[in-house]
Amino acid sequence: MKMVDVGGKERTERVARASAKVRMLPASLERIYQGQVEKGDVLAAAKLAGVMAVKRTPDLIPLCHPISVSAATVEISPCDEGLALTAEVKTVDRTGVEMEALCAVMAAALTVYDMLKSVDRGMSIERVQLEHKAGGRTGTWSRT
Amino acid sequence: MKMVDVGGKERTERVARASAKVRMLPASLERIYQGQVEKGDVLAAAKLAGVMAVKRTPDLIPLCHPISVSAATVEISPCDEGLALTAEVKTVDRTGVEMEALCAVMAAALTVYDMLKSVDRGMSIERVQLEHKAGGRTGTWSRT
Amino acid sequence: MKMVDVGGKERTERVARASAKVRMLPASLERIYQGQVEKGDVLAAAKLAGVMAVKRTPDLIPLCHPISVSAATVEISPCDEGLALTAEVKTVDRTGVEMEALCAVMAAALTVYDMLKSVDRGMSIERVQLEHKAGGRTGTWSRT
Amino acid sequence: MKMVDVGGKERTERVARASAKVRMLPASLERIYQGQVEKGDVLAAAKLAGVMAVKRTPDLIPLCHPISVSAATVEISPCDEGLALTAEVKTVDRTGVEMEALCAVMAAALTVYDMLKSVDRGMSIERVQLEHKAGGRTGTWSRT
Amino acid sequence: MKMVDVGGKERTERVARASAKVRMLPASLERIYQGQVEKGDVLAAAKLAGVMAVKRTPDLIPLCHPISVSAATVEISPCDEGLALTAEVKTVDRTGVEMEALCAVMAAALTVYDMLKSVDRGMSIERVQLEHKAGGRTGTWSRT
Amino acid sequence: MKMVDVGGKERTERVARASAKVRMLPASLERIYQGQVEKGDVLAAAKLAGVMAVKRTPDLIPLCHPISVSAATVEISPCDEGLALTAEVKTVDRTGVEMEALCAVMAAALTVYDMLKSVDRGMSIERVQLEHKAGGRTGTWSRT
C-alpha cells in the first residue's frame, strides 16, 4: 500500500471532467424542479456537496495525494433518465484531479438520492465516469 | 435546507444494503487478482475505504444525520463487467443507514478506480443503488 | 483540560437556538437577493454550510462532546444591517446543543462573508449569541 | 456554486488579520484569569482552537480554496467588554487567507463561550471582522 | 475487513485508561516546565490534542465504531525518562473506549514531539499501552 | 500558541522515516500471519491506516503545518517482539514531514492493536521514533 512518489513531476496546469447520471421516477424530477422537496433546494445542495467533496477526496480515497485545487464547478441538468451531473476540477500541481472530479459527481448524486429517498427509494446512479483530462505527463485523454 | 427532525422516532434496529458495479477491461480485473497493481492490494484497500466512508457519510451528504453505526461490511467479487461491490450497514438508531451503505460502495468503487486509473482510465461505475433496507417506520424495502 | 463527565445525565430532548447578524453595504444585500454573486446562491450556500457545521462542532470546539443531533435548520432573512441568521438544533442526548447552534450561525455568516468579500471586505459579523435553550438539568433559558 | 478559478494567479506572500470581541460578565473574565474554570485553561484552549480552525477552513466554508498556510497565531487580551481576540495568518499561495483568519477568531471565541457557558450563558461574540490584508492582485486593505 | 456487529450489546458504562512515556533530554523537560518553547505551552497543547484525538479515533482507526464519548481527560507529569501521559475516557455505549484512550495518549505524545523536535529530534515515545478497562461483556481488565 | 512562520523557507525535497514496534504475544503474531483475525487482514489495514494518517496529521497535531505530501509508504515485518513498522514520507515543501511519518507508524500500530485487542489486550507500542530525515535548512539527521 503506498502513495506513489510524484515528487519528481512538474507542477503544471491540469484539469479533469467527470459525469454521472441519476435515474429517477419522472415524478421525482418534477418535485426537484418545482421545489417540493421537504429537505430543501436539491440542486443547490447537490452542487455544493459536490464542490465540498472535492476537498475531502484525499480523506476518502486512501492512496490519493492531497492536492492544491484551484477551481471546481458542478453542473446539473435534467436528462431522459432524470439528472445529468458534471464536475470540472482544476489544479496547478504534481498530479491530476481525476479523483476529485469523480468524488464531486458522486457526492452530488448521493445528495440527490438522500433528499428524495423517502419518495423514490429505487433511484440509481449510473455511468460515473471520467470524461476528459488534460495536463501532466500522460497528456490529454477524452472518452470516445 | 434542513436536517429533518427525527427526535420523535424510536431507536430501533435498522439495516441497509447497497451495491455497485465497476466496469473495467478484462486485463484490469486480471491485474487486481494477480496482485500486479503498483499502489498495492486493490480489494483490501477498496473494502477498507468503504468501511471508513460509512463513518464520513454525515460530512459528505449535507442533510444526513450523524448516526451510531453498529456494523459495516463491504464485499467485492468478480462479475461479467469487472467487479461487483456490496455494502451492508447496521444501526440501532432513529434513522436508517441507506446513505451510509451507498457511501461505502461509492468510496470502495472510487478506490478501485484510483488504483487502476493509470492503466484503464475508461472504467465506469454503474448501478450504485440500494438493494434492501429494513427497520424503522417505513419497514422493509427490497429492490425487485 | 477535560471533556467533563456527562455519563450520569439523562438522555432527554434538548433544543438550542442561536442568532447572528451580518452587517454589510446595502449594495451587497441587493446583490444577494438579485442573484448577482459570482460564486453562486449565497443564501442556499450559507444555510447548507450552517447545517454542516453542526456536525463539525466537536472537531472545532476542543472540549465539546460528540452528540447525536436529531434536527437542524438555519434561517436567513434581510434586516436593517444586512442579514439576520438563526439556527435551531435539537438532540435527544446527555448534553445540550448550544455550541452546535452557535457553530451553525458562525459558519453560515462566514460563508456569506466569503461569497461577498471581493466586493465588500468591510462586512462584520455581530451579536453571535444564544437566544434560547430548553431541556436538561438546567432547564429553559431565554435571552431577555 | 463554484470554487472560482485561481489557477492563473501568482503564488505570492499574503497575510490577513481578523479580530473579534467576546462580551461577558466581569465575573467571567475574572474566572478566566484566575484559572477557576472547570474545563481548564480557557486562553490556551481558545488560542489552540483558533490555530486548528485555520486548517479546517476549507471544510467549513464551502467555496473556499484549500490553501498552504505558512504561519498562524491567535492573541487574546482583556478589554472593556471582556476579551479581545486577534488572529494573523500567512500564506505563499494563489489566494488570500482572510477566511482562515476569520475562522480562527470565530473558533477561539466559541471555545471561550463553550468553557464558560455554564456560568454565563448570555455572552455574545461581537465585531468579527477583517482588520487588514496584504498581498495578491487586490493589494493592501485596512479597516479604517 | 469489517466493523464487527455490536448492535446486540447493551449500552452500558465503560471506561478505559491508557498511558505512554515520552523519553527526552533533561534539557527538553526543563524547557517545557520553564515555558521556553517557541511554539507555546507544551502541556496545554498536548492535553488538548489528546482530548481532541478522542473524537477523531473512528477516522484514524479504520474498523473502530463511532462512539458517544461522555468524558475524556489527559494528564501529564514529569517522570524519570521525561513525561508520563495518561488518558481516561468514558462512554455509555455498546463498545469500549480503549482505542479512544490510546489515541489520546498517542496524539498528546506526538504533540510534545512536534513542539520540541527542533531542539531534541531524538525523543522517543515508549510503552503506549492500555492500563485498565471496565464495563461491557468482557468486564474489568488491568495491566499487572 | 502559534504555527511558526515557514513562509521564508524554500520549497525543497524533504524526506522523513519513522519506526515503531508492537510487542505482542507470539500467538497474536501467528494469528496475523495465518489470517485468523475476525476483523480482517491486519497488515493491509494497518498499512492503509498509516498512509491515511499522513493526510490527517495537521488535524491531529495542533501546531503542524498543512503540507503537500508527495509520497508515503508503510512497511510492516515480524520481529522478536511482534511487529516492526516503518513509514517513509516525502514532500517538496517549506517544512519537513517528520510528524507525518510519526503519525503514520502510530496509526498503523494502533490499528494492529484494535484488530487484536479482543485476544491480546496487553500489547504495547514501543520506540515510536524518527529514524532519519533529510532536506531543509537543518539538513540530514539519522538516529545513531
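Points to keep in mind about this one:
Order of writing sets the labels: A, B, C, D, E and F. Residues in every chain begin at 1.
In this section, contacts are C-beta pairs under 8 Å (C-beta built on N, C-alpha and C of every residue); 3 or more make two chains touch, one makes a residue touch a chain.
Since this is a predicted model, take the numbers as computed values, not measurements.
Common neighbours of chain A and chain C under the contact definition above: B, D. Think of each touching pair as a link: the shortest run of links from chain B to chain D has 2 of them.
Residues touching across the chain B-chain F interface largely coincide between the two copies, over half of the numbers being common to both. For chain C, the chain with the farthest CA centroid is F. With rounding to the nearest 5, the Cα superposition of chain A on chain E corresponds to a rotation angle of 180 degrees. The chain with its CA mean position farthest from that of chain D is B.
With centres set at the average Cα position, the gap from chain E to chain F is 16 Å.
Inter-chain centre distance (chain C to chain E, centres taken as mean C-alpha positions): 31 Å. Across the assembly, chain F contributes 1-4, 40-41, 44-45, 47-49, 52, 56, 59, 62-63, 66, 68 as residues in contact with two or more other chains.
With chains as nodes and touching pairs as edges, the resulting graph is of another kind, matching none of line, ring, star or complete. Listed by label, the pairs of touching chains are A-B, A-C, A-D, A-F, B-C, B-E, B-F, C-D, C-E, D-E, D-F, E-F.
Residue ranges on chain D touching chain E, taken from their complex, read 40-41, 44-45, 47-48, 52.
Listing the residues of chain E that touch chain C in their complex gives 13, 44, 47-48, 51-52, 54-56, 66, 68-74, 90-92. Of all the residues in chain B, the ones that touch chain C in their complex are 1-7, 58-59, 62-63, 65-68, 93-94. Against chain C, in their complex, chain D makes its touches with residues 1-4, 38-41, 44-45, 48-49, 52-53, 56, 59-64, 98-99, 102-103, 106-107, 109-111, 113-115, 117-118, 121-130, 133, 138, 141, 143.
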